[in-house]
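There are two complexes below, and they share subunit A, which is joined by subunit B in the first and by subunit C in the second.
For the complex of A and B:
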C-alpha cells in the first residue's frame, strides 16, 4: 500500500478554495440543482401533459426544446428529469460513501486480519465495473429508480472503503492517536474523534468526482430499460424513447443528452478543482 | 520475486472465488420460484418436485454453490433462455468482436491521450493546458450511448461518410467468405488476405471505436499530464534543466518513461470499463459482441446469459489487473515490495 501524501484538514483548506475550476463547477451544480428543485414553478407545462395535436413540434416560442412523440414539452421533462437524476446521485453517494468510509476507517485503523478480510471483500466488489453489476442486479430485481440506486450503491462503496482505509492506516500511526490510546480512550472513540475526521478530505474530492460517474451510470441503466420507467421523466429514458427519431426530430434526443453531459461535466469540473485546491499532488483512480 | 508472485496469485484466486460466489447469489436472486419458471405455471406439484430434484433446488445452498462451481469449471455455463444455445458457446462467438472494438478504441485513446497529456504538461497553466483539461473533462462526462447516437446520426445517416451499423457488409459473406481463425474479424481478414472484408470492417469500426475511445482518452490525458508535472519537479529534472536540455526534451525523453507506469495500470482499469461502455456502443451500432448479446439478454430477462457475461467480464478484469501488477513487478522493482 503506497503512502498517500498528507492532505491538509478540511477546515483549514476550505477558505482558500479559490481554484477557478472548483468555483465554476460549484456554480454550475448549484444552478442545475436549483433548476431541478424549482421545476414545478419553472416548467412551462405540466410534466405529463400529453397533447397529440402538438406531437414532435420543433423548438419554438411555446416549446423552447420542442415536443416529443406524445406531444409532451421536452424542456419541462428535462427539468423534471434533473430531479430524478440528482435524487439518484445524492442518495447513491450518501449511502456508498457512508458505508465505504465506515468500513474503510475500521479496516485501516484495526489493521491485521480485520483489514485483510474487509479489503478482500472490497476487491471482489471492485472486480465488477459499476455498470456491469448494476445490469446484473437490475435484471433480477424489478427495474425502477430504487433498483438503480441499490445497484449503483452496491458497486460504488468499495472505492471509498479502499481510499479511507489507506488514509486511516497512515493516521493510525500518528503520535496523537498513540497518545489517545495510552490515555485509555476506547478504539471506537479514537476512530470517531480522530481517525474519521482526518480521513475525510480525499473522500470529499472523490464524492464530487463520482457525482458525474453516478449520473452517467444511472442514465445508461435507464437507457437500457433497467431504470426509471415511463411516465417518470428521466434523461436516459428520454434518449431511449427518442432514439429512432434522431434523424428526423433531433431535439427529442439532443436536449436530454446535453443535460446529462452538462451535469456530469459540472461534477467533474468541481471534483478536479477541489482536487487541485486541496491536494495538488494526489492522483485519484 | 517468487513470494511476491505467489501472494499476488493467491489474492487473484481469492477474488475470483468471490466473484463466482457473488454471481451465484445474483442468479439465485431471481424473483419467484425457479422451478415454476422452468416447468410453467400449469405444472402439477409432482412435476415441480421432479424439476426441483433434477436441478438440485432442494439441496442446501452450499451444495448448490458447489454444483455451480463444478459446472462452471467443467465448461457448463448453463443454456441461454433466448438463443437456446450454451452460454459459453455464445460468449465464445461474441467476445472476439468486443475485443476488436475495445482494442481499436484503446489504441485510439492511447495514441490521442499521451501526446495531448504531454502537450498540457509542457504548457502548464497556459492556454493549451487549459483547453486540454477542459476537453478531457468533457470527454469523461459524455454519455456514451448519446455520443454513439449522435455520431451515428450525423456521420452515418445524414452525411453517409460511414456505414450505419454492423461489423461488415453482410453481402461480402457470399462474395468473399471469411475463414475463421481467431474469430476477430480484422485479424482473420488480415491473415487470410481478405481485403474486401478487411476494408469493410475498418470502415464499420471507425465510429464505434471513436465513441469507445472518448472516455479512456480523457482519463489517460489527465493522468499523463499529472504524472509528467510531478516528474518535472523532481531533482533529476532540475539537473537536466541545469545541463541545458530543453523543457520538451526533458518531458519526452526523461520524464515520460516513469510516467508511463501509472498509465499502464490505468489501461487495465479502463479496459473493463471500456468493455462495459462498449455494451451501449454495440447496442447502438448493432456490433455483434458481448454488449449486443447482453442487451438482448436483458430485454428477454435471460438470467443465465446475463450471469455469463457478468462472470466473463469480471474474470477478465481480475486477470487484466493481475497481468499489469506482475508486469509492473518486472518493470519496477519497488512494486514488488507492496
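For the complex of A and C:
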C-alpha cells in the first residue's frame, strides 16, 4: 500500500469544498484571470504605446502605476503581463499534469517492469534541480514564451508521474478494480475509467499548489533573459527591466513584482485550501 | 456449467488450493465452506483465470471454455458475461465515481448486449430493486442494495453461473436473508449455476445442494448438503458445525 493518505474520490468531495481558504484562493485567481482576460478593455493605454516625453513618470491620475523608461503605462503592462504569465502557467500545468498523470497511472496500475521503466525515466528528470534544468533547456532553445513553457513542462511532469503512480498503485488493489477485471474489462479501459478518475484528487491539489511555482519559475526565466522578449509584456521581464531603477523610480519594478507575489500567493492559498477540504479525515467527520 | 478436475493452485511451490473434483450444474447451488485461508477464494479466482502469479494445474472448464488454456481475450469474454463474480464487500466493489446505471450500461456495451435499457430494467426488477437506484452513486446505496445490484448486473449480462465470494458476510442479518432469497430464486427459476464460498454454515444449509469443506487448501469432505451438515464424517466439519451459535 502507498504511504499516501487515502484521498476521498473527487465526485464525492467536490461539492463540499466550502472551505473558506480554498474559496478565497479561487476568488482571487478568478479576479486575476479576469483582469488578464479583459486587459484590452481594462487597460487605460495600448500596451506598446511608447511616449518618450512621459518616461518614468511616478504614479498619478493618468498613469496609476506610473510609466517605465520607454514611457509605457505600467498598469497596462501589468494587466497584459498577466495574460502571458497565466497562459504560461495554464499551459505548463495542463501539459505536465496530463503527461505525468497518464504515465504515472499506467506505471502504478501495471507494476512490474512497466513501472520500473517509467519510474526510472522519471527519476532521471527528478535528479536535476528543476530550475537548473529549465535554465539549461532555455539556454539551448531560442528565448521565447514557448521556450519557457517547454523548459518548465519538461521539469514539472515527473512530479505528477510520481504522485499519480503511487495513487494508482493503491487504487489498483481496490475491490472495484478486481470487480472490473472479473467483468472482463480490458486493462486500458480499467485504467481510464476506474484508476484515473479515482487517483485525481491529490493531483488536483498539487496542480493548484504548483500554479504559483510555475509563475515564479517563468518569471525567473524571463528575468534571466531566457523567456519572453521585448516588447512582450511579462512580469519577470518587467522586474528585470525595472530593478536597476528601483532606488530612483520604484514603481517600475514594484507593481509587476507585486503581481507575481499576489498570483503565486493566490495559487498557494487555493492549493492549501483544497488540500484541507479534500482531506478524507475531514470528510468522514 | 462448471467442471473442475485435479485443480492445484500454488504460489512459488506452496500449494494453496487442491480440489480433486468440483462440478456445478445449471440450477444447482454448490457451497465451499472453510475458515479463512483455506483456499476457498483462490479456487473461485482460478475459475475465472484471475490467479495472477500462481501456477495452476489440472483442468477447469467454465461455460464450455477451458480456462487454463484460454487466451486473455477468450477469458475476458466469459468473465461477467457467462460467469459473474459477486464479491464480499458490495460497495467497495463499485467504482465510487460511477452511477450504478452508467456502470451497468458500460458493462452491457462491453459484452455487446443490445437493448440495454430494457435489459437493465428487467434485471433490476429481478432482484427486487427500485429502478431509481440506477441513478445513484455507490455511496448512496446500502450494502444489501449494492449486493443485489451486483447480482442484477450478472443477470443483465446473461451470466449462466454466479460465483459468490462471501456474498452476505458484510451485510446485516435481515439484508442477508433478502440476498439469499434472490440468489435461491435465480438458481431455481432461471437455472443459474451458483458456486458459493462462505464460512456461514447457517446460510449454506438454507441454499446449497452440495457442500465442499476445505481446510488448509485441501478438500476434507464433500457431498450432499443435508448429509454433510447433519452427519459430518470429518472432525473438522464437526468442529465447524459445533462453532455455530
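The rule is simple: the second predicted complex is superposed on the first by the 277 of 285 C-alpha atoms of A that agree within 3 Å, B and C clash if a C-alpha of one lies under 4 Å from a C-alpha of the other, contacts with A are read in each partner's own complex, and residues count from 1 in each chain.
Criterion: a contact is a pair of C-beta atoms (placed from the backbone, for glycine too) under 8 Å apart; a residue touches a chain by one contact, two chains touch by 3 or more.
These numbers were taken from a predicted model, which means no experiment stands behind them.
*Asks:* Once chain A of both complexes is superposed, is A:137 in touch with subunit B (first), subunit C (second), both, or neither?
*Replies:* The first partner, subunit B, only.
*Asks:* Kindly classify A:225 by the partners it touches after superposition: subunit B alone (first), subunit C alone (second), both, or neither?
*Replies:* A:225 contacts subunit B only, not subunit C.
*Asks:* Just subunit B (first), just subunit C (second), both, or neither: which does A:184 touch?
*Replies:* The second partner, subunit C, only.
*Asks:* Residues of subunit A touched by subunit B versus by subunit C: which partner has the larger set?
*Replies:* Per-residue touch count on subunit A favours B.
*Asks:* For subunit A, what residues appear in both contact lists, the one with subunit B and the one with subunit C?
*Replies:* none
*Asks:* In their shared complex, at which residues does subunit A touch subunit B?
*Replies:* Against subunit B, the touching part of subunit A is residues 1-2, 21, 120-121, 123-125, 127-129, 131-133, 135-137, 139-142, 212, 216, 219-220, 223-226, 236, 239, 243, 246-247, 250, 253-254, 257, 260-261, 264-265, 267-269, 272, 281, 283, 285.
*Asks:* Would you pull the subunit C residues touching subunit A in the complex into a rising list?
*Replies:* 48, 50, 75-81, 84-85, 87-89, 92-98, 106-107, 110-111, 137, 139, 150, 153, 157
*Asks:* Hey, which residues of subunit B end up touching subunit A in the complex?
*Replies:* Listed in rising order, the residues are 11, 14-15, 18-19, 21-23, 26-27, 29-31, 133, 137-138, 140-146, 149-150, 152-153, 157-158, 223, 226-227, 230, 262, 269, 272-273, 275-277, 279-280, 283-284, 294-295, 297-299, 301, 303, 306-307, 309-310, 313-314, 317-318, 338.
*Asks:* Going by the contact rule set out above, which residues of subunit A touch subunit C in the complex?
*Replies:* 9-12, 174-176, 178-186, 189, 193-194, 197-198
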